[in-house]
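Naming follows writing order (A, B, C, D and E), and every chain is counted from residue 1.
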Amino acid sequence: MTMRLRMWVLALGGLGVAVLYVLACLDLPSFGGHRHPYGDRAVRAALARHTANTISSVNFDQRALDTLGEESILFGSVLGTVVLLRQTRDEDRQQPEPARVAPSVRRYALFALPVTLLIGLYIVAHGQLSPGGGFQGGVVVATSLHLLYIAVDYRALERIRPLGLYEVADAAGEAAYVLVGAAALPAGWAFLGNFLPYGTFNTLASGGTVPLLNAAIGVEVAAGVVVLLARFLDQAVEIVSTDEEAEGRA
Amino acid sequence: MSVAQTLPLIVITPMFGAALLVGAGRRLPRFAAETLGCLFAAGAAVLALLALAATGSSAGQPAEWVGGWRPHNGVSVGIVLVGDRTGLGLATLVSLLVLAALAYAWRYFAEPPRRHAGSFPALVLLFQAGMCGFTLTGDLFNAFVFFELMGVVAYALTGYRVEEARAVQGALVFGVVNSLGGYTTLLGIGLLYAHTGELGFAQIGNALAGSPGTPDALLIAGFTLVVTGLLVKAAAVPFHFWLADAHAVAPTPVCMLMSGVMVELGLYGAARVYWTVFAGPGGMPAADAHRALLALGVLTAVLGTLMCWQQRHLKRLLAYSTVAHAGLFLMGLAVLSPAGVGGVAVYVLGHAGVKAALFACVGILLDRFASVDEHQLHGRGRELPWVGALFGAGGLALAGLPPFGTALGKAVTEEAVGGWATALFVLVSAVTGGAVLRAGARVFLGLGTRPADAGRHPADETAGEEEPETRGGPLSRIPDTMLTVPAVLLAAALAVGLVPGLRTGIGQAADAFTDHAGYLAAVLHGRAAEPVPTPPPHWTASGVLWGLVATALAAGLALWTVRRPVRDDVARWTVPLRRMHSGHVGDYIAWFLAGVTLLGALIA
Amino acid sequence: MTGELPVLLGLLLVAAAGTGAVLVRDPVRQSFVLSLLGLSLAALFLLLQAPDVALSQLAVGSALTPLMVLLSVRKVRRKARSERREERE
Amino acid sequence: MNGWTAAGTALLLCGFAPAACGVATGRASRRVPAQNVATTLLSLVFLLLAQGFARPAYVDTALVLSVLGPAGTLLFVRLLADQLADHPPGERRLRALTVGNYVAVAAVVLPLSAAAGPGRAMVKLLIIGVLLALGSWVATRAVHAAAAMGHGRGAPAEGMSGDR
Amino acid sequence: MSAAPYVVAGWLFLMGCYGLATSRNLIHAVGCLAVCQSSTYVLLLAVGYRSGGTAPVFSDIAPGSRPVVDPIVQALTLTDIVIGATVTALLLSLVIQVAKRHRTVDPDELSELRG
């Protein structure tokens, strides 16, 4: 198709979608309205189960199946990335040359790593109380490890990153979510039923199974993101195709 | 354990299997990993079959509220899984087909990625989990999540052979277009949520009933956007472009799944959303939905047929035949009646078996000769008589030879649509079946003149030289599994047409599927409602006759074509059509937007 | 009405950053604008009283996405550069 | 809308928005420092808004951004070192930006701490302030070092071409 | 004001589509897809907003003391963001492979799948 024709089709289509959408917007309840039946029910249900953060209650209790699906998407795409960015037959690995980083930057990274890690763990642990949760904290934890690549050296990162272990942790997070969900099935509970005592409102142990599922997500996300980034780093830093390498030696 | 309680197990069994395979995959030898994959797929299949058998006797639609959030006074905060016969039947079909694909792939691939023996089965299991979840869920957003799960895994599976240049390109196009479709659906979900304040199918339907009357622009836009994403998956024109590109390059076992059932799930989703959400008072008037679906269906069927006939790349040929059939399914659903749904259900079952079997045969050719090009393979298939027989039988079944399930489905559907549609159904079946038979005659029988210069092909065409998918060059002999799987699949397609019990079951499933009020009552109030029974799909004399006509036409068309010299150039009138299918992401996005506009205009 | 002025500002920032991310054609420069889009979205989310969502947008948008994009660019460019050198030889 | 929210909005408009313009235009040597300023100011906006909405819980967003923001900047420095080396940023401008960051952090965190009064909330605020200050210090150091190393380099170790 | 968030969401979606359709670099196209997706975040959160409301997180306020915004859309958006990040990762890895096998990331130069 020529560029010209494509632009015409695009313009017509875009115009039509815009008209459709704008007409719909005119019928929407105006921004900031007060009718949220499902949301109000969700808040009441969260309070009834002693979960201070309603969003966590929705994610890990009321609509926990969505989160299982979401976790599986993450799991599947990490697995997909591992498969897609594998080292193929016509590729070799090359040890990257050490990066030169200013000592002050290196010192900052070594200081910031544990701090970031702690903040990530805090965000995971307080998921059922204050804003945050397994996903947000998990990504922060994974990012903290990559400070080593960013500000120290790739090889430093490799030393603290036994990939096999992280892959197992990734799978374990996924399995744990399923298992916690199914744990009370034999006792007649529904799948993902909140079978644990709800605990005291606004304490770390409140919310029944919410903290457990939250932790499972945290483990999976942290491990999954590490594995994911490892594949990208491998490709960008280590893996070279054979012809590239030969030409590098020449 | 009640039927309802097994519903989540159908979804989580393959998920858990995938987690296990990845967790233990580094230590597992390939054999163990593949066995484990098959076991978990089979486990889910058994669960789905048991649940289906248990519902078969009662009229109920077992509903399981995940997390135990049962509704009080018709409102709940949870997500519901609904095990009506259509949903469970599709979950069963998915699981069985996954099992077939895994069995076919048993010794199929070249070495799996180092230390990741379990990746392929694990991805397929996740694919299965996504598809089963999509069939069972009764919640709009949850459907979107499972839709994305099957999407994400399907992109990875399509690009699985990363060393193949086309594979990664096709997977990328597939990923971009389908993701955009998913986001469109999500926008629609947002609009519907703003309108009704609910997310469950039944809950939204219930809320809409509160404001009967002609639908406003908001409802029309919501319906259009939600359905768009599902029609992208269903490869309705003009959202179909990704399908041929993805199918042409995906590993054969994945093609079996995508053509056999994933595309049809898009249609299922659209139909499910229509009947549960929009079919009641305050929803979309039936005439509007009918007009839109029928128009898209006809367009899809015609375009798919035209493109199918033009192909020499066998996988693309089969892919376009899937597009054509998806158009026929869409036309059947557009009738908006139990008869249409029942006919389509039979057709989908038969088509899944036939199409998967045909892909399996092509996979064998690819292994033997490192090509799926009709011209290059001319006569070389003579040494594979069994594969040829299966391929030919598949072609005849695709054309609608009674008593295959495809023939029954075609007959019932065309009768439901009625009138001029019969001619279109016969033509589409004849041409797509004829294209398969033509290819079969050239490849396996060596009929016609051998193309002088098979390696050459015009710029606007995709030829079929490929890297073999199997390990270390062609296998010493075809593994038994690779031959058994297509045979079993064809036998299953035959059984769909022959087993009377299946037909009554499908008839009841279709009655319940189209019963808007019954679904709402069953989900929100736990009341089993008996839908008004309609006659189940059955053979009629005219159906058999038209099936035979289509088959004869297909055979005649195939014979007539192979006797004529092979044309090297592309027929001039097809050039604009081919140019449309450019493989360019930008073009596809432009058509996508145009398609949304078209759909909206048809509905409004 | 004045209570929603901050939201309007957030919306404008998001719209501007989104438009910029499309119009900037070079992927390296786009990665800057994408990280900006992430930050603007996080601000908008906080203004819409969604701190959970703002947190996850920050987690994804401030380091993860730019890192993936930049690593991809590096891989792609390295490949292209070695091709170019090959051609010259 | 109270004073804190107004201050947060004003900072978003008059601080973050110009910094964003800096991120979106120009060479890497301008974008990278601007990116650091943008994240720092956004953290401060979050702090002000948390106070304005009377929601201490919102402070967590600023806390996360105070560590992820510098991480993002360092990442750009690391992966675009060549571009920074080819066109090093002005020494004086860098220093001015850092000082500006320090001033902004102090100007926001100190009044907020005073408003919070002694206690856990105040400690958290001060920690965020320190992290932000450290972050903008290290970002400047990193940019500076990357630019300086460029002068003495032979072949880039694994850097990317600056051909765009 | 009452429709501004919805309009911004629509604008982002169409802009993203425009970028996708005219992109000359697949990495850029993946970025445009992310822009498309951000429209869904904006729409969902705007739909759930309540004037004068605050987040339904009761770690620092007493339940019932203030009106709260809709938690459901926030949970949906969270899920959506995760999906967005993972899809971006997957598509980028496909782009890397396209670059390796086709030696270009310009969609205009990828012409192997036709007709």
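By our rule, a contact is a pair of C-beta atoms (placed from the backbone, for glycine too) under 8 Å apart; a residue touches a chain by one contact, two chains touch by 3 or more.
By chain, UniProt protein names: C = MrpA C-terminal/MbhD domain-containing protein; D = Multisubunit sodium/proton antiporter MrpF subunit; E = Sodium:proton antiporter.
Here the structure is a predicted model, which means the values were calculated and not measured.
*Asks:* Where each step is a move between two chains that touch, what is the least number of such steps from subunit B to subunit E (Sodium:proton antiporter)?
*Replies:* 1
*Asks:* Looking at the contacts, which chains touch subunit D and subunit E (Sodium:proton antiporter) alike?
*Replies:* The shared contacts of subunit D and subunit E (Sodium:proton antiporter), listed by label, come to A, C.
*Asks:* So which chains count as neighbours of both subunit B and subunit D?
*Replies:* Common neighbours, subunit B/subunit D: A, E.
*Asks:* Quick check: which two chains are joined by the most contacting C-beta pairs?
*Replies:* The chain pair with the largest number of C-beta contacts is A-B.
*Asks:* If you average the Cα atoms per chain, which one ends up farthest from subunit A?
*Replies:* Taking each chain's C-alpha mean as its centre, the farthest from subunit A is B.
*Asks:* Would you mind checking which chain's C-alpha centre is most distant from the centre of subunit C?
*Replies:* Of all chains, B has its centre farthest from that of subunit C.
*Asks:* Just the number, please: Cα centre separation of subunit A and subunit D in whole Å.
*Replies:* Each chain's C-alpha centroid was found; their separation is 24 Å.
*Asks:* Which integer distance in Å separates the CA centroid of subunit B from that of subunit C?
*Replies:* 36
*Asks:* Which integer distance in Å separates the CA centroid of subunit A from that of subunit B?
*Replies:* 30
*Asks:* State, to the nearest whole Å, the distance from the C-alpha centre of subunit A to the C-alpha centre of subunit C.
*Replies:* Computed value for the inter-centroid distance: 17 Å.
*Asks:* Among all residues of subunit A, which ones touch two or more of the remaining chains?
*Replies:* In subunit A, the residues touching two or more other chains are 6-7, 10, 14, 17, 21, 26, 28, 31-32, 36, 38-39, 42, 53, 55, 58, 63, 66, 69-70, 73, 76-77, 80-81, 84-85, 123, 130-133, 135-136, 140, 143, 146, 228, 232, 235, 241.
*Asks:* For subunit B, jot down the residues that touch at least 2 other chains.
*Replies:* Subunit B, residues with two or more chain partners: 141, 145, 148, 152, 155-156, 159, 162-163, 168, 191, 193-194, 199, 582, 584, 586-587, 589-590, 592-593.
*Asks:* Give the residues of subunit D that touch two or more other chains, as numbers and ranges in rising order.
*Replies:* In subunit D, the residues touching two or more other chains are 53, 55, 57-58, 60-61, 64, 68, 71, 75.
*Asks:* Dump the list of chain pairs that touch, please.
*Replies:* A-B, A-C, A-D, A-E, B-E, C-D, C-E, D-E
*Asks:* Which of the residues in subunit A come into contact with subunit E (Sodium:proton antiporter) in the complex?
*Replies:* Touching subunit E (Sodium:proton antiporter) from subunit A are residues 6-7, 10, 14, 17-18, 21-22, 25-26, 28, 30-34, 36, 38-39, 42-43, 46-47, 52-55, 57-59, 63, 66-67, 69-70, 73-74, 76-78, 80-81, 84-85, 126, 129-131, 133, 135, 201-202, 228, 231-232, 235, 241.
*Asks:* Provide the residue numbers of subunit E (Sodium:proton antiporter) that touch subunit D in the complex, in ascending order.
*Replies:* 54-55, 57, 59-61
*Asks:* Which of the residues in subunit B end up touching subunit E (Sodium:proton antiporter) in this complex?
*Replies:* 141, 145, 148, 152, 155-156, 159, 162-166, 168-173, 175-176, 179-180, 183, 186-187, 190-191, 193-194, 199, 244-245, 248-249, 307, 310-311, 459-462, 570, 578, 581-587, 589-590, 592-593
*Asks:* For subunit D, which residues count as touching subunit C in their complex?
*Replies:* Residues 1, 5, 8-9, 12-13, 16-17, 20, 23-24, 28, 31, 35, 38-39, 42, 45-46, 49, 53, 55, 57-58, 60-61, 64-65, 68-69, 71-72, 75-76, 79-80, 83, 160-161, 164.
*Asks:* Show me the residue ranges of subunit E (Sodium:proton antiporter) that touch subunit C in the complex, using the header's touch definition.
*Replies:* Spelled out, the residues of subunit E (Sodium:proton antiporter) in touch with subunit C are 1, 4-5, 8, 11-12, 15-16, 18-19, 23-25, 27-28, 30-32, 34-35, 38-39, 41-42, 45-46, 49, 51-55, 57, 68-69, 74, 77-78, 81-82, 84-85, 88-89, 92-93, 95-96, 99-100, 103-105.
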